[in-house]
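Chains here go by letter, A, B, C, D and E, matching the order in which they are written, and residues are numbered from 1 within each.
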Amino acid sequence: MSATLETPLEAPRSQNPKLLTLLLKDKVATLAALVLCFVFLTAVFGPMLVAEQAREQNLLNANAEPFTLDGGWLNFLGTDPLGRSVLARLIVASRTTLSVAVPAVLLSLVIGSLIGMWAGYHRGRRETVVMRIADIILSFPSLLMAVVVLYIFSPSSANLVLVLAITRIPIYLRTARAESAELQSRLFVDAARTFGTKPTAIIFRHVLPIILPTLLTVATLDFCFVMLSESSLSFLGIGIQPPSVSWGLMVAQGRTYLQTAWWLSFFPGLAIVITTVSATVLASWARLATDPAQRWRLTLPRHKRGRKEVK
Amino acid sequence: MSNLLEVNDLTKTFDVKDGKLKALDGISLKLGKGETLGLVGESGCGKSTLARTLLMLEKPDAGTVRFDGTDPFALRGKQLLAWRRRVQMVFQDPYGSLNSRMTAGQIIAEPWKTHKHMYANSRDRAARVRELLHLVGLRPSDADRYPQEFSGGQRQRLGIARALALQPDVIICDEPVSALDLSVQAQVLNLLNDLQRQLQVSYVFISHDLSVVRHVADRVAVMYLGRVVEQGPTEAVFERPKHPYTAALMSAAPKLHQADRGERILLKGEIPSPLNPPSGCRFRTRCWKATDICASAAPPLVQDPESKDHGAECHHPMESPRQLALA
Amino acid sequence: MSALSVQDLTVDIETPNGPLRAVNGVGFEAEQGETLALLGESGCGKSMTAQAIVGLLEPIASVTQGSVTLNGTDLVKASRRKRRQMAGPELAIVFQDALTALNPVYTVGTQLAEPFRIHRRMSAKEARGEAIELMRRVGIPHPDKRVDAFPHQFSGGMRQRLLIAMAVALNPTVLLADEPTTALDVTVQAQIMALLKDLRAEREMAVVLITHDLALVAEEADKVAVMYAGHVVETGPVSEVFGDPGHPYTKGLLDSVPVHVARGEELASIGGTPPDLASIPSGCVYQARCPLARQKCRDERPQLKATQGQRKAACHFTEEV
Amino acid sequence: MTGFLRRRAVTSLLPLIAVLLGVFFLARLTGDPANLYLPVSATPEQRQNFIEANGLDDSIWVQMWDYLGGVLTLDFGDSLRTGESAAAMALRAFPATLQLAFSTMLIAVVGAVVIGSWAAYRPNSVADRISSFLSMTAASVPDFWFAIVGVWIFAVSLGWLPTSGVTGGMASWVLPVATLVIRPLGVLTQVVRGAMVSALSAPYVRLARSKGAGDLRVVTHHALRNAAAPALTVAGDLMVGLINGAVVVETIFGWPGIGKLMIDSILGRDFAVLQACVLLTAVSIFVLNILIDIGYALLDARVREKVSA
Amino acid sequence: NSEYVTGGGADGLRIVLPQEPPTLEACQSSLTATGVVVRSNITEPLLERDPDSGELEPLLATEWEQTSPETWTFKLREGVTFTDGTPFDAEAAAFTIDRAVNSDLACEVEGYVFGDTDLEVEAVDETTLTVTSPEPDPILPLRLSFVEMVSTKTSTTEKVREPIGTGPYRVADWQAGQRLSLESNPGYWGEVPAYKNVNYVWRAEGSVRAAMVANGEADIATSLAPEDGAGELAVAYANNETTALRMQADQPPLDDIRIRQAVNYVIDRKLLAETLFEKLAQPAGELIPDGIVGYEPDEQIWPYDAARAKQLVDEARADGVPVDTEIRLIGRNAQFPRITETIEVIQGELAKAGLNVKIEMMDTNAQLEYQIRPFPKDTGPYLLMIMHGNQAGDAAFTLDQYMLAEGYQSSWGTAEFDQKIRAAEALVGQERQDAMAALWQYEQEEITQYAYIAHMSAIMAKSPNVSYRPNSASGDEMRLAEMSPVS
């Protein structure tokens, strides 16, 4: 066609550096990713290596102090009141912890966001009903729900996941609904409608990718919340049941020993903190990295990122 | 010319805070195959609303839309999808109508995700995306860039490329070139023109740049406050505007050459609120020719004696273009 | 001495693939009481230039070179404090994305009063009075009532006027207006242009008007600077430049205007696309699209040099245009 | 606005009833409290008597009606554990919880706004990174851990504060509030920072700067109010958690609040008290939600219009 | 830093308990949380048992004798009045016993000490009271030592929250949820107690209770665990409590005695007592500790023999016993310090012996369903951790509840064993002691319903300013009158 002109054919320029390259440029985020990988690998493979040692009781070596190699490297982080290696238990606990927290967060994230996006996209009555349901769950004392479910169905990991997931659904529901309600009035959504795109497809193509980073940020905060809730349930005696062990349970059980054997609750607490801080750091990095409008921030030398004005 | 699109007495009311806002108040238009209908009018007069209603993004309160003899609002399923392919839109706002998380390539290819049959494989699609980018004067490498890395004009071109992706029969262009610079504007207009010649595409062309409308449109409709106040073949309307508003609009446009500059009619005051439009003639509050009758009676349709298709709703139609000078 | 003098202004954008030079050695001057139009293809760096002048570039971009002299002060070197003091009373800008620029949570009255509160330290009541006066000045009906309304309650045209009012509140020496009417229709555009003209005359402002509407430039501006791919390629009085362009790009632009071309007929346009900022060729930036291009253009970048009278052009073969 | 309030109140009624019924049925799933309150030797007759006396023998539907009827007349029955009126117990505990919740929220919000804005003002500066790290950590440490460590450090080792209780004057507030405030402060700081970062890059901020507005004015005047809505949402959620009772803190510090009462009545199968507590908290949460909606409206005129439409 | 007083003046004593008394109703005082405040402080019984010697001593009754096999006659103290001014006489005593034992109030004390027997009470004259039981009851006076005397003005149809008694203290101020203040009874018949005011507060967390004493906010803190950090201030004392595992023998594989023996073999009682219980417990071979009638000093304690246990399980497996069936190991949260740890140790050992054991920690109500008849159905086999404290000083209380086939807290038994128990309970004096002591051996060999673990101790923290020596009853009955300031 004559109206268009010859454009020199050029090799497509890589405009979007690979996420990994971008990640490696950010030392803190890289560190966070490494920590999470480490935690994840520990949770997957660790228990195979030290399951036996984590169970091995030795009442004669109870509450041994940490940071000496006298009791072998396994006892480097001390022992618990039953003389078990705190390190081995931390490793075994990582699997339980993640296998409760991750599914709980994912479940509430998926259910809450799907319903929330659906309600927000369609607005009207559907939205009202969904919001009121969220209100109900939110104002329902979650502890009661926990006690009841765990009472009736026994406190297994699966039930714990269920309880935690249900009580956290409204958070995602509300976030997703609010954002989706705003997005459905955007022009690019209208554009998609003019192609005949189905609402579900629009939700997945236009709404989800935009609110996903927000949801992920909420999810990392929640990841932490879920671990702490699990710990609080253990505090009340209805969490993970021994001999299974989770970080939350270790903190809760160790709290009574805070003056006599601080390491019992300190190390699992530290594990929770490190994991959630890493998750949060990585999530906020991902939020920038997946947003084309913000991504540049990650590519700048650090000192420049924040500048608002030119000097 | 058979009418591809026919709109009769279309009315659209929005419920807003303090009452009902009549954005469209009895609009009747027709568009033939391979024809371009120019739609001009002041900001907020309902042009975009009309476009959105034609695309079934809004549901009209009354009136009918016929596309190739069928009512699109009654279509379902496959037929609806087929209709969707045939009618496309270029949105007014190049900032809001592109999803900032998708690359230009993804944006242009998006319609094919719904209309899967159009291109068999991803290679064909990629090739077609490059072709479309080329068509609107962007580089193939731009396919990997995100909308915010483009300037306003470049974005608008992406919107046009996306509308072309489905090879539609009708494109409703809502201010497609107002964000473009002249050279690119010329390219885009040429492009639209070529498509029309080769593929018989029809356009509804919304713009407030009269020189552009004059260049592209076969027929022109002038809107004011939700109503078409003047309508006719382009030349007729431009040469012999009947409605004072049309005349004012034309005089307000800046002219490149000194010779074209006439006396400018500067309209006074703001557009009245569409919530309670003036009684009688809705232009009377800003019209320098208004008399008492304008307030009491709705203006009649006055035909242009020289062109049967050209008419305006006015109590005091303009007699000759020179009358402008008297204003 | 000119009110605003921009010399060799260079702006780089940091991108994942290294820096891009969006504005490259731009220079122009604006005189008191005059309008200078900054013209150019979309994406050529007009907005960047304006933002660099007022020192409000997006964090991604930064001025790497050049000077911006306003009333004898170099803004690029000035302290943040100094700049802040000058922003408003001496230098004002109307941004391109004006329709979203008003703060949605405050009444327009509060926002209009802000310059007075900041620079004149007026009481809230006094400043409000000034705000009403400004609204009246830019022709907003019933200003004493509308002063307490929120931005979203105004139409686009009115919001644009509010922004202009805010910019001229303290009688700045220089006003930068970045496409102040692109979002508006012609009747409103005419009103706003008339308003700007009045203010300019009344307050002896220098106005830098950014637009790509040649007709608007022809009607409103005294001088014009034409930009292409981050460079100023031609400057001079509007009538002279438009009458007899000294750069092939200016000529190309003028030829693209769709007047006096029959319907359906091909419009003239400049072939090709502007160069990618990441790979600007050495030599003339316009070479790829220039009908006059030859070896010299590929080897050597033409400098902006005086041709006749006040005019300057950056072309090796100005005479041939 | 009043119309909005009325509508909100009406639409809140159904969820409120749903919560009450939910608590009613769920509580009854946790088993019969007879073992707790009857002597081990209780004969079947005594059990029967106990069950009848407490109305546990009627069909669950009859019980439900009685319960709902009681709610309407504000009669929640008596506590099994103490024999007192359940409503009185709940009403006595609630102020303690509210005091704790309000002071915690006040500190958390003020702290988060100050720290969050400061961090957002220069994203990625050293100050920002430190405060981000601290707020993330704060958000992820178990509260009972802080509580116990706090008691030993500040009460026992340093002797600055009382360990627990409500009778030690202002000083006795310090540890419970400090324990409670840590997590909300951490969470809110992150939220405020995020919202402020985007508010500070909004076009209106650039406009304000073009008017010569200084840093402080830009932050406090232009960005903060725009960033307030998301913070308000999160603060509301956190407040809901606090109103539902800070069980752990109340337990450790012997704070006679509703959280402790609720958990005690759950563990004690003291249904009447539990129901009274839940009604009280649920109503306050609905009121809180309405207040938050009013907050949105006060912050932003656009919401105000939507609300009154 | 003792400026943060939890109430009371300079002459006030401050005690921190693990929980608030749900009520002060005197007939509920066999509930630990109620009794620890009420008994012998606010109200008094007719006689009281010396925790050390086990002898009954006169209190509101000065003399008593068995006047017929079924009837006991009590001579009451004169000149005693209740704090509401009503006199204490035989009428009042009869009223109290009727109210606590024969009424429909379902008092805790009724079940705890009297089973379902009703008593016939008669006020012969002002100071003479006769009590008749349907069957001859040699320990009726001991049982009556649990009945706290209350004023005749007390309601008979409802339990009351604050009792009117004759004790050295009366309730001054009860701010529910926060604190309970007692003040000395000005009209007390006996010696005036050393402290004029006593303030109780409650904190659930042991380390906080310990910290309060360390910080000078409280003078006495009860129910501490070794790790709570009371340090020098900690005082340990035997508290009559014995822990044990109850084994449900109605479900395989626990119906096989070899499995129950295996459970007994894997519990290393000595090691537990020395390490986990920090030497504050004694390995147990029976459900009652020293000092209780029926205690068998030469108790046979199961040796720790993991190999034997495994062998027994294997044998059972070979005989087709479904030893792989999941066995639930049920415990009650916070029943005693380190209960979870104890249960984990046992679970670990049982797993090594080849049994499939799953721990379930429950809240009190849920656990009680398993502990007290009627038991839940379809539970599968389970081991229940129990802790029994015989406050009465006579094994009969224990035997009735834990050993009889139909005992309230016993899951099963045999007719033969029941007969032996009944016979022993009918005896008095040394005969009674010997007959009862012999039962433990029998139970372990023939029945094996229990795996006894340890006789426990309690820890309290006590400020150096208070002079008090806790005894085995202190956990249930903390006599304020025995406390005095160190001068």
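The criterion applied here is as follows: a contact is a pair of C-beta atoms (placed from the backbone, for glycine too) under 8 Å apart; a residue touches a chain by one contact, two chains touch by 3 or more.
Labels paired with UniProt names: A, D = ABC transporter permease; B = Dipeptide ABC transporter ATP-binding protein; C = ABC transporter ATP-binding protein.
Remember, it's a predicted structure, so these values are computed and weren't measured experimentally.
Participant: Please identify the chain with the largest separation between its CA centroid and the CA centroid of subunit B.
Facilitator: Checked the centroid distances; the maximum from subunit B is E.
Participant: So, comparing C-alpha centroids, which chain is the farthest one from subunit C?
Facilitator: E
Participant: Taking the mean of the C-alpha atoms as each chain's centre, how many Å separate subunit B from subunit D (ABC transporter permease)?
Facilitator: Taking the mean C-alpha position of each chain, the two centres sit 54 Å apart.
Participant: So, what's the distance in Å between the C-alpha centres of subunit C and subunit B?
Facilitator: Result: the chain centres lie 29 Å from each other.
Participant: With centres defined as the mean C-alpha position, give me the subunit A (ABC transporter permease)-subunit C separation in Å.
Facilitator: Distance between chain centres, rounded to whole Å: 48 Å.
Participant: Multi-chain contacts in subunit C: which residues touch at least two other chains?
Facilitator: 56, 59, 97, 266, 269, 273, 276
Participant: Which residues belonging to subunit D (ABC transporter permease) are in contact with no fewer than two other chains?
Facilitator: In subunit D (ABC transporter permease), the residues touching two or more other chains are 30-31, 148, 152, 201, 209, 267.
Participant: Mark out which residues of subunit A (ABC transporter permease) touch at least two other chains, giving numbers and ranges.
Facilitator: In subunit A (ABC transporter permease), the residues touching two or more other chains are 2-3, 5, 7, 13-16, 147, 151, 236, 255, 258-259, 297, 305-306, 308-309.
Participant: Can you tell me which positions in subunit B touch subunit C when the two form their complex?
Facilitator: Interface residues on the subunit B side: 41-44, 95, 137-139, 141, 150-154, 178-187, 189-190, 193, 197, 208-212, 214-218, 234, 248-249, 252-258, 260-261, 264, 266-267, 269-271.
Participant: Would you tell me which residues of subunit B are touching subunit A (ABC transporter permease) in their complex?
Facilitator: It is residues 52, 55, 57, 80-81, 83-85, 87-89, 91, 93, 96-101, 103, 110-111, 113-115, 134-137, 139-141, 143-146, 148-149, 159, 162, 166, 187, 190-191, 193-194, 198 of subunit B that touch subunit A (ABC transporter permease).
Participant: Please give the residue numbers of subunit A (ABC transporter permease) that touch subunit D (ABC transporter permease) in the complex, ascending.
Facilitator: It is residues 28, 128, 132-133, 135-136, 138-145, 147-148, 151-152, 171, 174, 217, 221, 224, 227-228, 231-232, 235-236, 248, 251-252, 255, 258-259, 265, 269, 272-273, 276-277, 280-281, 284, 297, 302-303, 305-306, 308-309 of subunit A (ABC transporter permease) that touch subunit D (ABC transporter permease).
Participant: Which residues of subunit D (ABC transporter permease) touch subunit A (ABC transporter permease) in the complex?
Facilitator: Subunit D (ABC transporter permease) reaches subunit A (ABC transporter permease) through residues 11-12, 14-15, 18-19, 22-23, 26-27, 29-31, 122-125, 128-129, 133, 136-137, 139-145, 148-149, 152, 183, 187, 190, 194, 200-201, 209, 233, 237, 240, 244-245, 247-248, 262-263, 266-267, 274, 277-278, 281-282, 285-286, 289.
Participant: With touch defined as at the start, can you tell me which subunit E residues reach subunit D (ABC transporter permease) in the complex?
Facilitator: 1, 4-7, 22-23, 25, 104, 106-112, 114-116, 158-159, 161, 176-179, 201-205, 207-208, 211-212, 214-215, 217, 229, 363-366, 368-369, 371-373, 401, 408-409
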